[in-house]
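In the two complexes below, chain A is the common chain; its partner is chain B in one and chain C in the other.
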Partner chain A sequence: MQGLAIQERKESIFTKGEQRNTLTCDTDSISGSVSQRACVYCGARVVLNPITDAIHLVHGPIGCASYTWDIRGSLSSGEELYRNSFSTDLREQDIIFGGEKKLTQAIDDLVTKYHPPLVFVYSTCIVGVIGDDLEAICKAASLKHQIEIIPIESSGFIGNKSAGYRAACEGLLRLIKNQPNPIPPKEKNTLNLLGDFNLAAETWIIKSYLERVGIKLNVTLTGDSSYEQIKKTPIASLNIVQCAGSMIYLAEKLKEEYDIPYLRISFIGIEDTIASLRKIAAALGDEQIIKNIEKLIRKEQEKTWPVIDYYKHKLQGKKAAVYVGGGFKAISLIKQFRELGIEVVIVGTQTGSQAEYQTIGDLVQQGTVIFDDTNPAELENFIIDKGADLLVGGVKDRPLAYKLGTAFIDHNHDRKHALCGFVGAENFAKEVYSTVCSPVWKAIRTGGMTE
Partner chain B sequence: MKKDKTGYRNVSENPCNMCMPLGGILALKGIEGSMVLLHGSQGCATYMRRTISEHYNEPIDVASTSLNEKGTVFGGEDNFKKGLDNIRLVYQPEIIGVLTTCLAETIGEDIERMAKEYIKDREIEGFPIISAPTPGYAGTQAEGYFSTLRKIIMGLAKETKKNKKINVIVPHISTADLREIKRILASMDIEAILLPDYSDTLDAPYTKTYERIVSGGTKVQDIASMSGSQATIEMAEAIDDVISPGAFLKQEYGVPLYRIPLPVGLKNTDIFINTLKQITGSVIPLDLSAERGRLLDGMIDSHKHNFQGIAAIFGEPEHVLSAVTLCMENGIFPQVIATGSKTHRLEDLLYESLAESEQDYHIMNDTDFSHIREKCKNSGVNIAIGHSEGKYLTEKEGIPLVRYGFPIHDRIGGQRLLSVGYTGSLSFLDRITNTLLDHKYINYRSTMLQKYYDTRS
Partner chain C sequence: MLDGTPKKIIERHSGGVINPAKTCQPIGAMYAALGLHGCLPHSHGSQGCCSYHRMHLTRHFRDPIMASSSSFTEGASVFGGGANLKTSIKNVFTIYNPDIMAVHTTCLSETIGDDLNSIVQSAEIPEGKIVLYANTPSYVGSHITGFSNMTKGIINQLAESTLEEPKEQVTILPGFVNPGDMREIKRIVKKMDIDYVMLPDTSGVVDSPMTGEFVMYPKGGTTVEEIKDSGNSQITLALGSFASADPANALDKKCGVPAKVLHTPIGIKATDSLLMALSKSFVREIPYDLEEERGQLVDIMTDTHFHFHGKKVAIFGDPDIVISLTEFVLSLGMKPVHVLTGTPGKSFENEINKMLTEAGIEGNVKAAGDLFTLHQWIKNLPVDLLIGNTYGKYIARAEDIPFVRIGFPILDRSVHSYLPVVGYKGAIRIIEMISNALLDRADRDAKDEDFELVM
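Entry: the complex of A and B
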């Protein structure tokens, strides 16, 4: 197959049921392979950006800030400061003479203008090379302005997007650990949600489910969160982790440092939403909450299943390809597609872990292609080869799917409708239907002009 | 008239521009059979692919050398060679463009030498690899675009026989604009080499089979022969000579250079047509005269509406210049004029265009959206003209936006908006007028009620 011409890539791909059933993941992308991955800075920025009242200052050349200005659909119930993209806009002379002075002045300017409680300073590739001392500058500025200014070590070349997630978690941990006053005792039936970014109101949907059954959502990291809320992280009695790829590290640390146990959950698809709610109820062990959750599940299912069944009837037997950022999403999507009568025949992620690929391998049918850090040529080949009717992916993959005459689902951070919980499952079914059953596919396959 | 300038500042708040390699990618996408390799860390290629594919709704394959820590410390030559090997294997391109990034430039990578050694090493003498340094910190996408075009010509042009063709070098305009320029040239029976030509490669028709490298683009052998053309028309007035492809052809091969504005608006389109006539002696076809007449007719039809317009115009220098001219011709007053590029020429050119303006205006060079918004606030600006990032002005200040330039990522079809030539100018003007009307009528009844009824004592 032409797309697999790059020999090294073979280690990162396998077909279930054919000899090898493991793959290589979490390695550097191969030069020239047209990886879909972004960089360390990107990983850090996307995790921290939803913190609404923080200044997000990129110390680097302008591009890094341009390409990430308000690109994600995280919603806020309060401040809007996070929707700006601030940059020290380093130029040639700064590269030569160093950017430390400029960074100090940039922080001074922004703090004077916006009075934020918190500033994140992200390092970029060239800052890593020219060696500006972010730590020292942030410390000095922090003392001067009497607010928290946290450096994020996110030079693009020090790893892949996962390294950026780690850098973001380190930043959050610093924020949480720096407590001027004694931490109040843990509150019962109160939890933190880790790894949800309030895209299209998803945090709010999850929050409403929890509140309905008597659980208090303390803080979400980081969807619609604020400085004050993040400080209160330690008072929760349980952490629930959705996007594990980005947040499992923080969950582990919070367990170590504050004795907060964590659960891995996912609110994508009906099956996983129900399982997650029950898992939470069981972990809290409160009889009333367990009852309430069962009631909520019953009530929501009564509304949702008829909608799902309506679409399932039209979608039964279709085949899906999935290429998403993190492992949890891929796993949930396999189950969610089954709810619609669709089998996943190709599945991969940018930053999935070995354990997540194991779960994926267990879930899918024989013959399904599984890959890590793929590229457009491979996607093209496998979509054609496996006869996929639709692709789930990011913005860059959409035009490829369309050129191949394949339907497409936007499961990216820029989407404008929620895909979590029961309402998200309905939205998802509608979206799948709107793209798979569109009349345009008929138009491209029939007719033509007569000579 | 007053002018405001923004210069070196400590912090950019909401950028009005992107960076050099993005422009380099766009330039290379207009060359037949080309593939691009970005020398740097993985993120740059991903961000730019995303930005470009959102605008064009086309797959944008750009490879990266994916430099890691080791490559950064010890040099990225191994990654560089492997990257070239892999894209030749998977894409089988006829030409490869290699661009640098901030990282590659900061660690001092000499891509020109590495490309030469690669060719020797792999024994592929004659295979064109264009290397263009495009450090992100040294300029915007506009500078990256032109400097890469210049490098492409420098790499491909050869001493050749003089011929009757003319070179037409365009800034980053829409694919519909490219097709319109080709149509005008054909209607005047002029044989031209259009550089770059991404009208097919970035706006490919749906076909039954997918091509990884889409057909179309300026042919390598045509670029090689640009040195023999009878003249170059370069639709770029604001760029420096050192990055001008036309200036290189003039210096190196003595090809006469006509630097003209982008043919948007009556005056600028007249300049284009008259320049073509002057160089080639071609007759102006009747159809084109009719199109000009139709533009005049349309300008008269909408002139009173347009006179209500007070505009903020922003984007790449050539886009800004052309939109200012169109506005001035039609009674729309450009009050805030801004670009993220650092260009000294733009101001002088704008003074000419704005000579007849009776009111104060602000020219902002090397600026950002926070400054643009500041100038628009309570200033009477009621229309913005520029790329999609201007949606910020709509959201924050309620100023409607006519999308023009790059990127247009929040609307469908931004890549095929027609704005050049007499026909395109009218279409562009109509978009502006209708936005003004829309804005007026949406508030008309409530405004009148509030102003004259509710305030009665």
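Entry: the complex of A and C
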């Protein structure tokens, strides 16, 4: 691809050991690029969507709702209401005369049909422009139906996905703060998990570890959560934050308002899983739990390492490219690949922060390409240039990787197996192996028609 | 969720949608633009929309889907998106270097009121490059409307009539169908020994072969030369009125190519009509190969009709596809008792109702409907089979109905975009899909004593 190094992009890419060590990030994509970046609404929706018993009503034209209908594999142990797609389906006359009446009616319709405890109303770009007063409508509807109806200001163009995370956190805060009854006292050894969405049942894995060592998981924000559970958020004595990009803001707020300290943890890869468990134990400071956790770590490792070693042996010398949403996940993945004997030669994120890029820079080897947001052409160049055998990315990257004859793993909504904790590390190793070492790649170059 | 749909039908006042059976215009426009050779579709709006459309198409076709975005920020919503589009045009040709950039609008740029024509006119476009555009407000119509609007835009901006006499050539507007379908239609036209221009033609673009190399602009797609030449054709065959009638009329208006609107050639009758139209317009005999295929289809229909007869079917999806599918299942002796599309349009209801009346079937028919409504219908009048896109799987599971996936999008199965549902071969394939679904179910549910080897 010619003329690739478009001026504005230069600030967003660097190669370790070659150029200066900071890069521009968290900016908006330039006009005319094939960007992978999503919008505010997308950010808000992915964070709140796993709340299972809520109506998620998208106020806008149909598309915004269609594309987000049940696309995230967050599992529920109870209600399934969140897996429907609700839209006000704004039409031309609504654009001209405003969509407020339609929104009110849609809320009425849905509440009478489903009797939900909670409705989220998301605004999309167009609503920001036609100027519907979501706040007022939700308030009125809330009074009328006697349930909580929370507007999420997520007009797509006012920032990017991170702004959507923020809008979602604001919504959650409203929910948490609105307490009809006095909040019960904090419970010992009880914690909240923030920033896990129960993709492929991952929340349940973490929950099981915690329960085994005597810690109670109060609520997960938002994987497999419900209205009632979220209300109980303040009784936890500690918050642990998994996907920091989306939830650090909420963690800060909960610390301010409810005096709940938080820890950043990551259950991706064995190294980080162990470190996280120990961090939690230390923070709780309970002797028994510390002991239990050490026991759990020992037991799980005994099971897991042989599996990892088996695959490590087969994967020795392979090279990986990582392009994920958040910086924290990228960091964990670099470590996890190291456990598998795989070197990460390309790392990029969509919403990584300056500090995270710094850490990434420290972790990787000389010559590794680091970038913020990218387009397919760039990505292709990097992959070919660096000879990556595997790409870890999102939906749109999969076919690109395949076309290049590069193996692929979805570490996003389309993941098929749980990738967290010890069992997740095993799954990950298996998945890496099954894609990198699949015989299908051989068919590309050794077709019967070529000699 | 699945049992969250109540059986009792209460009228909804808001006109809001629960579980949509349509999506927005721009994705259709993007798909149409992908059917031009060397074209980069461009979404004039916020980056989120573009991201969603690419993701959705990627999931359906399992191929890289390229498209750029104007990436609106707050300023654009106040001052208009003209500057963003001009910058985009510059950047797109510098970075991605397509032959054509095909711009469509989104809700946002439409609401702000950006005037594409004047923005494009005043933009700097590199020598030899083309910028096409179409207005695709999502609050009107559906993705099918967007497909139609982009196709119309392409014709209006590029087609030319340069000859005194029209060429012995047909312009085929295939509508919003898979590349596998477009290939099949082309094969049929070739077999008839008729020159053609197909517009758009996504075969070779979104079903491109694996070469170990990523090609930004794969081999397929209608070329600029071909698009221009579409104005010299003797006739336009518009397959599917919703996706293709408007652009066909535009070509008539601009270049005087008469338009004939046919059904999407799904099923025996619609395929017959296509062949008859070709044969009449170009005075061609139907070649034996095609006669043979038709004969095979009829043979299969008779061999299997007892599996189908009297079975109740619910069909939903895009209007052109659903109209033809309804016609086809009727010809198999099935009863399409619930027929629904998300796309608005009275003509859909009229056409289906006419078919049902002729067949003496009473059924529910609705345009601008949603899957909540369809599910309620099914709860009140159960069916033996559901045909539609991926989103039908929730209903199929809740009601335990055999389910055949046809349409857009299909996100949970692969290969579908490579194989046709159009033409006689496509009809044979549909019969195979339907009978496999029904018979697999019969096997699954049979008691030991009823479990049969030969069916």
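Definition applied: the second predicted complex is superposed on the first by the 443 of 451 C-alpha atoms of A that agree within 3 Å, B and C clash if a C-alpha of one lies under 4 Å from a C-alpha of the other, contacts with A are read in each partner's own complex, and residues count from 1 in each chain.
FYI, a contact is a pair of C-beta atoms (placed from the backbone, for glycine too) under 8 Å apart; a residue touches a chain by one contact, two chains touch by 3 or more.
Not measured: the values here are computed from a predicted model.
> Return fit or clash for chain B versus chain C, each positioned on chain A through the superposition.
Superposition check on chain A flags a clash between chain B and chain C.
> Between chain B and chain C, whom does A:K396 touch in the aligned arrangement: first, second, both, or neither?
A:K396 contacts both chain B and chain C.
> Which holds for A:T112: it touches chain B only (first), chain C only (second), both, or neither?
It touches chain C, and chain B stays clear.
> Looking at the overlay, does A:F97 come into contact with chain B only (first), chain C only (second), both, or neither?
neither
> Go through the superposed model and pick first if A:L81 touches only chain B, second if only chain C, both, or neither.
A:L81: touches chain C, not chain B.
> First (chain B), second (chain C), both or neither: which does A:G60 touch?
both
> Residues on chain A in contact with chain B in one complex and with chain C in the other?
Residues 2-3, 6, 28-42, 57, 60-69, 84-92, 94-95, 102, 105-106, 108-110, 124-126, 128-130, 156-158, 160, 375-377, 380, 395-396, 398-400, 402-405, 444 of chain A touch both chain B and chain C.
> Under the definition above, what is the set of chain A residues touching chain C in their complex?
1-4, 6, 28-42, 57, 60-69, 80-92, 94-95, 102-106, 108-110, 112-114, 124-126, 128-130, 156-158, 160, 375-377, 380, 395-396, 398-400, 402-405, 444-445
> Can you list the chain A residues touching chain B in their complex?
Contacts found on chain A: 2-3, 5-6, 28-42, 57, 60-69, 84-92, 94-95, 102, 105-106, 108-110, 124-126, 128-130, 156-160, 375-377, 380, 394-396, 398-400, 402-405, 444.
> Using the touch rule from the top, collect the residues of chain B that touch chain A in their complex.
Listed in rising order, the residues are 8-15, 17-19, 21-22, 37, 40-51, 53-54, 56-69, 71-72, 79-80, 82-87, 89-91, 101-103, 106-107, 135-138, 140, 204, 206, 210, 212, 340, 370, 389.
> Okay, in this complex, where on chain C does chain A touch?
Those in contact with chain A are residues 1-2, 4, 6, 10, 12-20, 22-27, 40, 42, 45-56, 58-59, 61-74, 76-77, 84-85, 87-92, 94-97, 106-108, 111-112, 137-140, 142, 208, 210-216, 342, 372, 391, 394.
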